[in-house]
Amino acid sequence: MQTELPQSKPSMEARIHGELLAHLPQDLYIPPDALAVYLEAFEGPLDLLLYLIRKHNLDILNIQMAELTRQYMLYVERMQAIKLELAGDYLLMSAMLIEIKSRMLLPNPADVIFEDDPRAELVRLLVEYEAIKLVAQRLDELPQVGRNILVADAHYHQISIVAPPEVSLDDLMDAWKNVLKRARHFQHHQVGRMELSVREHMSIILRKLRDALTNGESLVEFSQLFDVLNDGIPKLVVYFLAILELTREGLLRITQQAAFSPIYLQVGHSA
Amino acid sequence: MNEPKNIVEIKLILEAALLTAGEPLSLDDLLHLFAERMERATLRMLLDELKADWAPDSQKATMELVQVATGYRFQAREKYAPFLTRLNPEKQQKYSRATMETLAIIAYRQPVTRGDIEEIRGVAVNPNSIRQLQERDWIDIVGQRDVPGRPSLYATTKHFLDDLNLRSLGELPAMDDFVHPEMQLDF
Amino acid sequence: MNEPKNIVEIKLILEAALLTAGEPLSLDDLLHLFAERMERATLRMLLDELKADWAPDSQKATMELVQVATGYRFQAREKYAPFLTRLNPEKQQKYSRATMETLAIIAYRQPVTRGDIEEIRGVAVNPNSIRQLQERDWIDIVGQRDVPGRPSLYATTKHFLDDLNLRSLGELPAMDDFVHPEMQLDF
C-alpha cells in the first residue's frame, strides 16, 4: 500500500491555528528511510503531539487521551522500529500520557478542563509550546539585517594614521631595569657594549643562514659572512666571537673537511 | 572644513557619518561629531529633517533613515534588498527551527535558563543553537539563577533588536494567547 | 520590485548596492545585481552617470563615487573626514609593561626563544607582546634552536635600531651605564 508522504516538513505546515495542512501517512507502510526523514522533522514530543492534535482535529482543551496516546505510541514505536535515535524525551512523554490516561479512568472524568484535571499540565505545555512555535516563525519572517536589511556602510578616510606607541631609549632602559631587578640570576651579569655587539652579530649571522636556507643553501661559507677588505679588524673580531658564541649555544655548526679548506657554517646540526 | 556654521552643514556631516557608519549611531555618538555643544532636541530635529530629505519621492530615495534600538542608521529601502542580496547569497543566514524556537523563548520569556527552554520545548537544548545565537550577538548571559548549579540566564541583546529593525522588545510581534481566554486554567 | 526596466531604476540599484557594500564592488560584482545580461560598457557608463549624480554641487554632495584597485565605492568627501574620525578617536596606545620587557630581553639577550624570555621574566610570554613587536617589524625570527620543539629564536631588526635612532646594538646603553654606585640595584 502506498502512502502519500508530506511535501515538506509536516510540522512546518501543521502549525497554523489548527489549520491542518500536512498530509500524514495514514497507513502502515512507509519506506523506512522516508519515515526517518519524516519523523526527524519533529522538534520533540510536544511538536509531535501538537501535530497529532491538529491532524485529528482534536480539541486542545478537551483532548481525548485514549486516542492521542494511541497515536503517539504508534509513532514512538515506529521510530524505535527503524532505530531512529530516539530522544529520552519521547519516552518520558509516553509515560506522562499513559499516566494521564489512567487517571482519566478514575471516577468523574470531566469534559471541561478544570484545575485538577489530569490533562491540565499537558495542555499548559502544549499551549505554551504552540505559542512559541508560532512566534518563532513570525520572528523568522521579520526583516533582518543581512537578509532584507542592508545598512549603509560607505567608506571614509580616517584622518590621523594610527600612530604606533612612542618608545624612547629611556622606556627601553626602564623595562630592562625592571627585568634585571626581578631576575636574580642576573646578579653578577653585566652586559657590556662588546657583548651586545656580539649578540647583534649572532642575530645577523642567523639571519644570513636563514636567508641562505630559503634559497636552498644549507651551508654558508665562513668568509661570505663578512667583507674582509672593508669591515675592519674590530668587526671581524666581533663576527668571530659571535660565531663562537653561537656554536657554544648549539645554534651553529661549523664544518671543515680538511685544514685550510673552506669553513662552512650551518644552522643547528641538521637543518 | 571648519566647524559647521549652519544647519545645512551640520546636516551634511550627519549624513556623511550615518552613510559611512555601518552600524547604528546613538545620539551621543552623533553629538561627538561636533566640537560645539548641541542640544539633543536640536539633534533630533535635524535627524527628522534628514529623514525627510531622504523621502521615497525625493532624489535621495535609495536609503531610509531609521531608528533602531541602539540609534539611527541609513538602510537600503526594502525593495532593493532582493537585488543587493544577490551579491553575497552565502551571507543569508537561515536558522533551524530549533534555533528559532530557542530564540523566541529567550526573546519572549527572558531571562531564561537552558532548563526553562527545555521545559517549554520538551527537548534538550541543542548547544549549537545557543552558540549560533551568541555568535550573532543576539543573546548573551545576563546573570545566574540563584539555584543549585547557578545556571546561566540568557536574554536578548540590543544588537538583536537592531538586526530585526526594532527599537524595543515591545515591538516584537505579539505572542498568540488565543487559547488562554477560554481555558480558565488556574496555573 | 521586479527586474529594473529602465536606466533610472538600474542606477538606483547600483547606488543602493554601493552605499551598503562596505567594500569596493568590481564590475563583475555589480553585474551580478541584475538577472538580465548587461554590457560592461553600459555598466561603466551608468557608473559615470551615478558619479555625476553625486557631484559636489548637487543635492548628493556628501559622498563621491570613486574607483579603487578592487572596484567602485562610495566614500565621504575628504572635508568630512575630520568630523567622522571623531567617532572613532584613536587612542594613543602605549605598550604594556610585558611587551616592553619582552622587547628589552630580546634586545639585550638575542637571539632568544620564548622559553628564554619566560625564564628571565618568570612568567609566560604574552603572545600579543610578540605579535605587536613583530607587526611593528621590531623583532623577527632568525632561526630555531636545535632542541626538542625547535623553538623560534627572536632577534631585533634593523628597523628597531632605526626607530630608536641607533646605528647598532652596541649603542644601546650598556648595563654599567646605569648601575651607578648609588643605585645599588637589588639583583
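The letters A, B and C name the chains in turn, as written, and every chain counts its residues from 1.
By definition in this document, a residue touches a chain if its C-beta (ideal position, glycine included) is under 8 Å from a C-beta of that chain, and two chains touch if they have at least 3 such contacts.
None of these values were measured; they are calculated from a predicted model.
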| item | value |
| --- | --- |
| Most distant chain from chain B by Cα centroid | C |
| Chain centroid nearest the full-protein CA centroid | A |
| Distance from the mean Cα position of chain B to that of chain A, given in whole angstrom | 25 |
| Averaged-CA centre spacing for the pair chain C and chain A, given as whole angstrom | 26 |
| Residues of chain A engaged with two or more neighbouring chains | 150-156 |
| Numbers and ranges of chain B residues touching at least 2 other chains | 16, 19-22, 63, 74-76, 80, 82, 84 |
| Touch list for chain B against partner chain C, complex | 1, 12-13, 15-17, 19-22, 25, 29, 32-34, 59-63, 74-77, 79-80, 82-84, 86-87 |
| Contact set on chain C toward chain A in their complex | 16, 18-22, 63, 73-76, 78, 80-82, 84-85, 88, 90, 92-95, 97, 100-101, 103-105, 107-111, 120-122, 136, 140-147, 153, 155-156, 163-166, 168-170, 172-176, 178-179, 185-187 |
| Residues on chain A engaged by chain B in the complex (per definition of touch) | 11-12, 17, 43-47, 60-61, 87, 89, 93, 113-115, 120, 123-125, 127-140, 142-156 |
| Chain C-facing residues of chain A, complex | 150-160, 162-169, 171-184, 186-194, 196-197, 199-200, 202-203, 206-207, 209-210, 249-251, 267-271 |
